[in-house]
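Each chain carries a letter (A, B, C, D and E) given by its place in the written order, and its residues are counted from 1.
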Amino acid sequence: MTHEIALNLVDVHKSFGESQIIRGIDLAVEKGERHAIIGPNGAGKSTVFNLISGYYPLSDGKIELNDQVINGLEPFQINRLGLSRSFQVTNLFSRLSVFENVRCALLWSAGYKYSFWQLVGQQKQLNEKTKEIVDQFNMSHRSQTPVGELSYAEQRALEIGITVAGGAEVILLDEPTAGMSHSETEQAVDLMKFVSEGKTLVVVEHDMGVVFDLADRISVLVYGKIIATDTPDKIRSNKSVQEAYLGQLEEV
Amino acid sequence: MKLKNMLLFLLGTVVCLVFSNSAFSADPIRIAYIDPLSGAFGDVGDAGHKHFKFMADKINSEGGVLGGIQLEIVPFDNKISAKESLVQLKHAIDQGIRFITQGNGSSVAGALIEAVKKHNKRNPDKTVLYFNYAAVTPAFTQEKCDFWHFRFDAHVDMKMQAITDAIKKTPSINKVYLIDQDYVFGHAVSAAAKKMLKEKRPDIEIVGDTFHPIGKVKDFSPYVAKIKKSGAQAVITGNWGADMSLLGKSVKESGLDAAFYTFYAGGLGTPSTMGSAMNGLRQVTEWHDNLSVEEDRPGDAEFRMSYNEKFGEGGKVPWYYGRIRTMMEMLVKAFNKAGSADPKAVAYAMEGMEHTTYYGKVVMGAKDHQLLQPLYISRFTKTDGKMVKYDRENTGFGPTTEAKTQTMDTATPSSCNMKRP
Amino acid sequence: MLGVKNLNAYYGRSHILQGVDLEIRDGEIVSLLGRNGVGRSTMCKAVMGLVKPHGTVKYKGENIAGLPSHAIAHKGIGYVPEDRWIFPSLTVLQNLQLGQKDLKKQSRWSLEDIYQLFPILEERSKLRAGLLSGGEQQMLTMCRTLMGDPDLIMIDEPTEGLAPKIVELVKNLISEIAKRGVSVLLVEQKLTIALKIANRLYVMGHGKIVFEGTPQEFQKNASVRKEWLEV
Amino acid sequence: MEFYVISLLNSLVFGMLLFMLSSGLTLIFGMMGVLNFAHASFYMLGAYFAFQISQFAGFWTALVIAPILIGLLGAAVERFGLRTVHKHGHVAELLFTFGLAFMIEELILLIWGRVALNYQVPSSLDFTIFRLFESDFPVYRLFMLAISVFIFVVLYLLLTKTRTGIIIQASLTHPEGVGMLGHNVPRIFMLVFGGGSALAGLAGVIGGNYLMTSPSMAILLGPIVFVVIVIGGMGSLTGALIASLLIATLQTFAVGYDYSLIDLLAVFNIELGPEPWFPDLWRIKVENTGPLLPYLLMVIMLILRPKGIMGERES
Amino acid sequence: MLKRYGVWIAAALILVILPQIFDSGFAITMLSEMCIAIIFALSYNMLLGQGGMLSFGHAVFYGFGGFISIHAINVVNDGGVPIPLELIPLVGGLAGFIFAIPLGYISTKKAGTTFALISLGLVELVVACVLLFPSFFGGEEGVSGDRMLEFSLTGVGFGSGIEVFYLIAFWLIVTSALMYLQTQTPLGRMANAVRDNPERAPFVGYNIHLVRFFQFSLSGFFAGIAGGLLAINYEIVNSEMIGAAASGHVLLMTYIGGVGHFFGPILGAILYTFLHLTLVNITMAGQIYLGVLFIVIILWAPNGMAGIIMVHRPLWQAGLIRGLLPHYLVALAAGLVVFFGAMILVEINYHLSLSIEPDNPIRLFGVEFKANSWPPWIVSIGLILVGFFLLRPIMKNIRLKWDELTREMQKGKFA
């Protein structure tokens, strides 16, 4: 059985000035796979996301989305090709309501472009779809609340909501559960499982519970390089991974 | 809509307050003085206001007009903006004022001429008459002339007539440089100079014709360097205000040795900012401080002094607009001749009126409503207590007559084709 | 020396520190462990006054919560942030000089001491700090803080992204610091150094302290390690 | 030749004056991210204060006292005004200084009136120092140049050699990090704002009598100062110096050329008809474009290189 | 139905009735100018409020709208294209739109402070051009025309001010409705999103440069309409309309009104125009009062008048506002004491330094006194001090009461 590759990173490099952050990454994420990237602080996980989504230009290498080269494209162009991402620090449209946030995230994919001759209030399909997503995220009671007033967990949930609203095939989530309590984390995992059904998901995460619960495969990024990509069990028993996390254990 | 109602109420009260005074004061004849009283040009408008106020007080104390009716000057601040002037014109008309006067800014004057014309056409029962005391674009009494507009200042071409007459008589000048502000007035000065010099002294070479942005130049040294490079013996400039002061300062510093013929070297506030740079500059005016000494008329000197005592702020802002006295005296005559305060009657009475002023005989043109008056070229020199008795703005430099152009010689061909009601 | 009681801190709406209790005694090296994002750096920043603290932070018996950070620094606390904050356009020497708070006070650390510990800094003293390598920058940041002669120093992930050789240098420096009577709070993810030099350990998880004890106690308690630290 | 030498000297004098004004603004912007609209108003206040002080105590006292007063005023504005609006963000800060500029102008009108002041160059400096070819070069020009060069040197030494200077430079990158090391950053901000204002005030003291002291002097120079810091690169002193000299030179030399597009076309033997399309465009001479050039340069710069000549970051 | 269109119908009714009540020439002029200012301020808020773009050069499009309109009027009068006067504003709008396209394309590439600076540079650039291109801008005199065109859709001659007012009012209703609706379109919403978070917007598929650019161009269109109406109203257009001062005015009025709500600029335009036109004839210190108002708003009410109103809405809806009213009245009284004190101080100073006869007595609130005597100084400074010391505890009380009511309201919500 051949696996179709949704996202393919080939020898990706990134330097800021003198300092090399990403030192040659190869990563192939299969279609429909849930893939986690883990690694110690400062390993460059968020940078990888920023490179994939077009936020930073590449220093060297190539990134393909469904066999189409996307490096060099603008973020909005990459998004239009079906890749959507969330942010580590909550990154919402702060003064708009929950409903409005979701609707804004839907507008382009629903084909409205820059239209100024249609009223959003009258777009039945659009509003129904928006409502559906708001309901999915259990936020119908907060629908009209400006997102600046939401609780942190709600904001994190909405962050995911906005990322998936446009119906992208490939979803990148950057530390979706950072700062959440245990119960909130559990809910968030359920949510992620639900929304990524049938889609390709790449997630950067620190909470190992989440990672092992969610991921089909895990890549470990250390010091700008991927040192291992494998199934969760194998990663767990991988010595160099433990070392990267905890230091050289045998010396203890 | 609650708030709108509140605002409406507020609007109502204030509008009522503003307008309520109009009901009581039918008695004096009021003249609206529409000029800048605030902002960057506030000082100029303020001085004009004082001139008019002084003259009105003088006339009132001498018995007023039409057998005892007093004159009142009502100031309106237009911030030297054409738009605000039109608002203030409406305001004045609402208050029942039928005479307006204005002087600063050709743009304002142009707008007012148009607006008064339209207003009088649309409201023949509430006509308004406009006296212009300082806006000098020739067109206002030529192709744009209007029955409802009278000008008491000599326009650009007339002043240039006086300057070129003086240059004509100075054979040592054979290279002339023109430097002017880059707008309608500056271009008019330059065009008139070129035309008249060509007629009067075809041998003169115009070695430079520079326009600089108005009110934007902070340092004129580059321009002075350029004048110097051209080797001109005389410079003609229409610059006023800061542009004149800064030009004068740069000239003095660089030691440029050329005769400067200016329109406004003595303009309000200009001498005090120039200080000793005033020395040697020439200006063209209908009146100057030492005329009373030169022509031995102590009465006129007294008039000047009494103004300076009241409004002169210790000599810092002395009497300047010689023509405002003329205008007010002629206005008294016109009221009395017309026998009423009806603008149309006053306008007809004013046409062709002759008057003897403290600087000579003047005539109001019947055809174009342009006052013809003598023009003096005076030069600023250190006061000596004798002929150069009075200085300007405490600078220690006062004007002394160098040349005079007689009243009738200032006339220029008129292209005015006026429609009369 | 430092007593933190029921410390809470927020970033916007997110509740990062949820009632942290922690204590550092005179001359101790205390290590604060935990995975990324559990609030360790926030804990340091809250003590330092860079993040608004809610709760009590007692330093030498005085509550310093709510003071501006420069005042806290003057009381004798130093902080070496994880992202280092070196001043790239200044020279190495100038960076070090900036660390001095009070020119008149006799410091435990003279410039000569620093240069002796890290000769490379002397060698590069006239170089713009932005041109240093990551490890050198880390040295510089720590030394810069030492120049201010703190009685308590909080060091945030000093070995992150450094080559093993340099990690060794850092470890030696920390021991040296402690030797001169300065208390140390070492924030780490890796156990290597922490277990070697710390007198006591705290483990943080989800904004709370989940373990407190000596390295030996920690070694025995595998479940803490598994749940809160390991992959 | 004469024209070039004189113009070059003039550009230098005006350029250095411009630099004195913009150096304060660029430091303030670099540290606090505040675009101070009232900066030119401090320049204007400097001239007015100097005039007032020189009435009682002479020019030399004013030269020292006026900038100090302006500096204190600037510090007060930072402490009691800007710090209050800081929490509302940069736009609010910008608008606050916008309002402040408006108020300062109005207060000047109120106190000193609308007439331009008779603030003259002191007689001890009112003579010709040397003759270049046929032109006199006034000593006051040289004095201005000397003061501004002196200020530049002092500022340079202060920023690079003193402890305070190092703290200020460090605060340009990581104000929080500086605070953490025990330096009182808010006080540094106040100091820089006060110092920057004092520099503007000093420019007013020596520029006010040379040019003109009137209520419109702030509006006249304000926009140019912004252009300088944008072109130079926001927060960069060297950039501000280069941009000041560049703009001064451009404006000074533009005056010397009266070529227009008609002349350009004539080179290619093209003649315009009697009624060309856009008649004004062809007639514009280089000398008239002086006021246009700085803004044109700024817009082009923002499009091509938004960081400015020496800038390291975008606004 | 009534709920939806009620506001608009009421507004239209007010516009019809107002000039019947205030029918003096000046009042009509003021009302006309208010309406124009509303359109202009609303168009400005499309940038600042909706799109987060702080522009110092919006009057460029207002001015171009005005110039093209007046030229169009002259062309019609010269027997060129027959355009009825009623549609001249549309010509102005198109002019504003067309000029906004190149300028907007350049400047919207950047946001924040850089955008503000570019706008400042562009407006100075255009102002410098005014004098370089006299055949279009008419030099400093400007361009004038006669609005009484032969062609008219309605048969109205537009000679009198009131006829023109109704034309302006008609366009006010049309344009403000359009601008309101624009906020409800996909573009309007994306402009909000870009304002709130330009970092995120590209990741939902939008090119933020284009969003800003379209928003900018549309805003130029409405500014152009306002400019066209001004040209019709005054029949003269000159450089003052296009310059930095005009841009400053619209910024002030919009900010004072409040950028956060659609009706904010409307309030601001009404108040600002009213003060601007009347203060000048009441006091010489008009600019000071406007400046103080602006600074007070920036310091203590950054969301403007609309913001003040909107924070009270929840309390109003919860029926709790009554608890605050007495406190407000007390605060108002104390505030007035300070205000009157300050006002006397300002007025006597202005009188002394700027009036042509400073020795003459000054009249304030019907009381005549000499400005150069000491009692008014003592009274004014006394009033300021008294009011200030009264105000402090009162403000504290208001804050306490406010918190109390907010708690009560939240309790009510959950009950």
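Brief remarks follow.
In this text, a residue touches a chain if its C-beta (ideal position, glycine included) is under 8 Å from a C-beta of that chain, and two chains touch if they have at least 3 such contacts.
Everything numeric here is computed off the predicted structure, so don't read it as measured data.
Steps from chain A to chain C, taking the shortest chain of touch contacts, total 1. Shared contacts of chain D and chain E, meaning chains that touch the two of them, come down to B.
Averaging Cα atoms per chain gives one point for each, and the point farthest from that of chain C is the centre of B.
Centre-to-centre separation of chain C and chain E, using mean CA positions: 53 Å. Centre-to-centre separation between chain A and chain D, using Cα means, comes to 48 Å. Between chain B and chain D, the centres computed from C-alpha atoms are 35 Å apart. With centres taken as mean Cα positions, chain D sits 44 Å from chain C.
Among the residues of chain D, those touching two or more other chains are numbered 109, 113-114, 288, 291.
Multi-chain contact residues of chain B (touching two or more other chains): 38, 42, 46, 182, 213.
Shown for chain E are the residues that touch two or more other chains, namely 128, 132, 134, 287, 354. Of all possible chain pairs, the ones that touch are A-C, A-E, B-D, B-E, C-D, D-E. Residue ranges on chain D touching chain E, taken from their complex, read 33, 35, 81, 84-85, 88, 90-92, 94-96, 98-100, 102-103, 106-107, 109-111, 113-114, 223, 226-227, 230, 278-281, 284, 288-289, 291-292, 295-296, 298-299, 302-303, 306, 314-315. For chain E in complex with chain B, the residues that touch the partner chain are 7, 10-11, 14, 18, 21-22, 24-30, 33, 128, 131-132, 134, 139-142, 144, 146, 159-161, 230, 234-236, 238, 240-241, 267, 270-271, 274, 277-278, 280-282, 284, 286-287, 309, 354, 356-357.
Those residues of chain E whose C-beta lies close enough to touch chain A in the complex are 181-182, 184-190, 192-193, 195-197, 199-208, 210-211, 214, 218, 260. Chain A contributes residues 18-19, 38, 40-43, 90, 150-152, 155, 175, 178-179, 181-182, 206-208, 220, 223, 235-236, 241-242, 245-249, 251-252 to its touches with chain C in the complex. Only residues 53-54, 74-76, 79-80, 84-85, 87, 91-96, 100-101, 103-105, 107-109, 112-121, 162-163, 165-166 of chain A touch chain E when the two sit together in their complex.
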